[in-house]
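Dropping a structure here in structure tokens format, bear with me for questions.
Chain naming follows the written order as A, B, C and D, and within any one chain the residues start at number 1.
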Amino acid sequence: MGHGNGRQGTDLPRGVFAPVATTFDAAGDLDLSAFRQNMESYAESPLDGVVLLGSNGEFALLDEAEKIAVVEAGIEAVAGRRTVMVGTGAESTRATIALTRRAAAAGADYALVVTPHYYAPRYDHAAYVAHYHAVADASPIPVLIYVMTAYTGVDLAPSLVADIAAHPNVVGIKDSGGNAPRVAEVIARCGPDFAVLAGSASFLYPALCLGATGGVVALGNVSPDLCADLQRLTLAAEHAAARDLQLRLIAPNAAVTSRFGVPGLKVAMDSVGLRGGPPRAPHQPLGERDADEVRRVLREAEIGSIAVG
Amino acid sequence: MGHGNGRQGTDLPRGVFAPVATTFDAAGDLDLSAFRQNMESYAESPLDGVVLLGSNGEFALLDEAEKIAVVEAGIEAVAGRRTVMVGTGAESTRATIALTRRAAAAGADYALVVTPHYYAPRYDHAAYVAHYHAVADASPIPVLIYVMTAYTGVDLAPSLVADIAAHPNVVGIKDSGGNAPRVAEVIARCGPDFAVLAGSASFLYPALCLGATGGVVALGNVSPDLCADLQRLTLAAEHAAARDLQLRLIAPNAAVTSRFGVPGLKVAMDSVGLRGGPPRAPHQPLGERDADEVRRVLREAEIGSIAVG
Amino acid sequence: MGHGNGRQGTDLPRGVFAPVATTFDAAGDLDLSAFRQNMESYAESPLDGVVLLGSNGEFALLDEAEKIAVVEAGIEAVAGRRTVMVGTGAESTRATIALTRRAAAAGADYALVVTPHYYAPRYDHAAYVAHYHAVADASPIPVLIYVMTAYTGVDLAPSLVADIAAHPNVVGIKDSGGNAPRVAEVIARCGPDFAVLAGSASFLYPALCLGATGGVVALGNVSPDLCADLQRLTLAAEHAAARDLQLRLIAPNAAVTSRFGVPGLKVAMDSVGLRGGPPRAPHQPLGERDADEVRRVLREAEIGSIAVG
Amino acid sequence: MGHGNGRQGTDLPRGVFAPVATTFDAAGDLDLSAFRQNMESYAESPLDGVVLLGSNGEFALLDEAEKIAVVEAGIEAVAGRRTVMVGTGAESTRATIALTRRAAAAGADYALVVTPHYYAPRYDHAAYVAHYHAVADASPIPVLIYVMTAYTGVDLAPSLVADIAAHPNVVGIKDSGGNAPRVAEVIARCGPDFAVLAGSASFLYPALCLGATGGVVALGNVSPDLCADLQRLTLAAEHAAARDLQLRLIAPNAAVTSRFGVPGLKVAMDSVGLRGGPPRAPHQPLGERDADEVRRVLREAEIGSIAVG
């Protein structure tokens, strides 16, 4: 496997990233003060970095100006302390390029570009390659592909990932599907100079076993320690402990992702001393019963307070 | 079926609407001059109305300012001559409301609100009802639901449509799926004071048979005459002729929708004397071979020039 | 559209067919006595024919000997009085041929061959054409394609249907999906010498409008009269009455198909004086609450007793 | 996690199993002579066991008598030398029980029961539990659940698996999906007395890392050595070597599963000195070009002859 893509020497993203929540006040406006408090906690945590404007950051529910406000506030809060990745993907190639440049100018380290999806049935292999290569050409910072099939309906074949990865400014992929053969095939095709990041704490351990360099995991918002532990144990080849921790994280991870989504994540954040607050509509706040269930699951997994100060 | 929803007396949208293409120049910027030329043709055509910012208008690929420019130019071009519906759906409830108000202020007759979809796996029945009712409460103009499953992955159960339709300012639905039992069930549940519009010329005739009030059909961009003929023949109970015309429109309809998408629609527009021009990336222009196929299909269906002036 | 397939002159299946239920006794064995009673009712009803071993006949839950017993008993019961179609499709081509020949020998008029589906991801266009042509070559009776996507996951593209239909012994298709553009495209491609049968009473009227020759409809088991009325009204061009009846049948049709499946169908049969009895496991009998709902829906649609004698 | 299911002490299936191909002669009849030759090779190989009548054994294309012939021949060939699991799942509960008893009488060690699927949209949680518990009650041998979503469209939620696993005679699951969070959740819920078997060599290594006890892997038909090596290396905690081998097996595994299916598997078997022969229709034999590709992929992964004697 000769990977003559010119990436040798580029710093690949490594470690555990939290795709941080965007915070809103009771009126539904951005609450940057709460956001900065959360960011301060993360900057003091064992997390390697944060992702701004990810799916858990409700990026799809933000308008253009709000996105820039979040990027600027987030980078300012952790700059120099943690790696910052920004979700800059939009439906159009030109809007993706514009936001990517803006994020780079604000100091982002990496751009995470979700697959365009609205017209996905009309996009073929060539269209996706052209999109990502145009973004990578225009981007001052390294680009990662973001595959989030549950929300986009789009899954990229490993052969397509490999063709996109031929561009020297495309340095990795975040895959949120958890399909192990898919992860393995991407790693087999793209080689060690291409970063594969697990998109959920629910498969961080097996992904690392296969050669992933880290993860972007919603649960990192709630328990940076345990997510970082999972990576540390795996790299230290403490497989039995890593496996046990992986199994322990399944239920709390589901509570803040597939079971209750961003509303569940925000309840969990509130319960560990961070500023979760209300999600933005059409997201609905959890009812009391579901919120109790989130807290019960966290307790059972022994996930406690993380707030600093 | 008592439909005590307070809609009696409201004008329902009726007839054939074209979801008009948004035009771009060679540099990829909006080409409002070309757009106005097309609108003039449609205003002189047998179409009953136009839809701005629909899926065929590449609304998902436009930025916020461009959307407003298209709405204002489009309404100005046909105001007083044709009914104007505007696609004002965004992922967030608040952005949907903002654009709906803006469209109403510009003179739109109806707002067509696509189902929010990015976080669809997290939206339940109540979330969709809350979204549409919030929009309908805030909207100065009547609202229609827009179900476009091929692009959004979201299909609303007829019982959910009925619950949304309980709001007096929700006056109809555009359904692009073509599932006849689904169309029939929505009509059976929502009654005659609720407009069902076929979302494609490929099932306009059977939908009208079932009680639809019209259609929003991409093929209307290319052949307003035949699409209007199809509605006229059906309303005149000339079923044999309507059926024959319906079958004749299947192939050209597919060429500008499911087979070749917006790029195919734009080739078809160019070929009938309108201003199609390039689609916006990630859409890729059709290759010559596919473009020839689009033109061949139009010729075979005897769809010719429609340009005015 | 020159349809040089040699079918001119063949009798196409026309009218309304009931895909009859297979009856079981309390021990779970075939109850052919109950079955013959039902068949006698249908033979005296306005139905044009019956389908044995259809999905509603729980064909997939019968063993090889039971299938033959049902075919022989069913044909004997109605022979000379009603047209008989037999579901002879199996996963393998050879088993399909064997059962088709057996059904023909027993006196069946048509074979209805469901798409093989277990290995469907491995079957391409050529594999389906080869399968159907091998069956049609070997079958002494005309063959129809049976597309039942909800249960098989397989939907055949209209171009594939047309290629299969090129065989002179393939005379039609039963399509259970209800997708109107799909129905229209099959009719447009295959022409008037090819029978399209609606696979559900939920879209019998629009399918007939488009040129279908009839339907194989589960609701025909419960209300042969109304299903036959729907076809008669449509053929008589009484469109307003046909449409009203179509809308009226939506709810009872759903009760015996998509909502409650075969268990619902059997409750409905019991309630109109036929012999429904228990479904076969893994089907579970309806609970009392669901059974009440089935009966309520039938009453609301004014579907009453049909039993003869 | 107290697993009071009474399974303590039962031997769980462990290690690598090949789901052996069923062989046919040129006329399409069973070729038990070829089958026995293959079985002899497997009995001398490092495989821990074989699965008869699995998906790769084309069980869905066999008639009732053929299934019994394969079971008897297969068990006779390897009895006492290798563990034998038999795919006894049928669409009906009663047919599943009948075949399970027959397999047990013939000497099978385990029954592997695929999820019933034809009427899957009508089967709820309770229906699946009832099915598996009825089979487990009636079965003289331990039962495993077989989830094969690609072919059945059915995926069982981990909570449903756990409810089925509450029966003491249900000892494990073969999951062919490769979804790592799903595997982890089943292991977390069902505990160490329940065997999870990876359903493909494409994720055997990460599944073992998570606590799977082995795998039933199509590639085991072609390269028993490498598949057994992968399990051995993982159990020996030689993770770097295991990972490299896992990545190396991705391409040959795809060639005999997702890319070319059973026809590809049979070409591969022929190429390593076993008796593959023709698949059964509707499966089509691979064309020369695809067959060359299968052989090229095997060569590239350095998979060579395995035939004995």
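As a working rule, a contact is a pair of C-beta atoms (placed from the backbone, for glycine too) under 8 Å apart; a residue touches a chain by one contact, two chains touch by 3 or more.
If you're wondering where the values come from, they're calculated on a predicted model, not measured in any experiment.
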Output for shared partners of chain A and chain B reads none
Chain A and chain D have mean C-alpha positions lying a whole-number Å distance apart equal to 35
The distance between the C-alpha centres of chain B and chain D, rounded to whole Å, is 49
Where chain B touches two or more other chains simultaneously, the residues are none
Touching pairs of chains in this structure are A-B, A-D, B-C, C-D
In their shared complex, chain B is touched by residues of chain A numbered 28, 55, 60-64, 91-95, 116, 118-124, 126-128, 130-131, 134, 150-153, 258, 260-263, 280-284
Chain D residues touching chain A in their complex are 177-185, 187-188, 200, 202-203, 205-207, 209-211, 237, 239, 243, 246-248, 250-251, 253-254
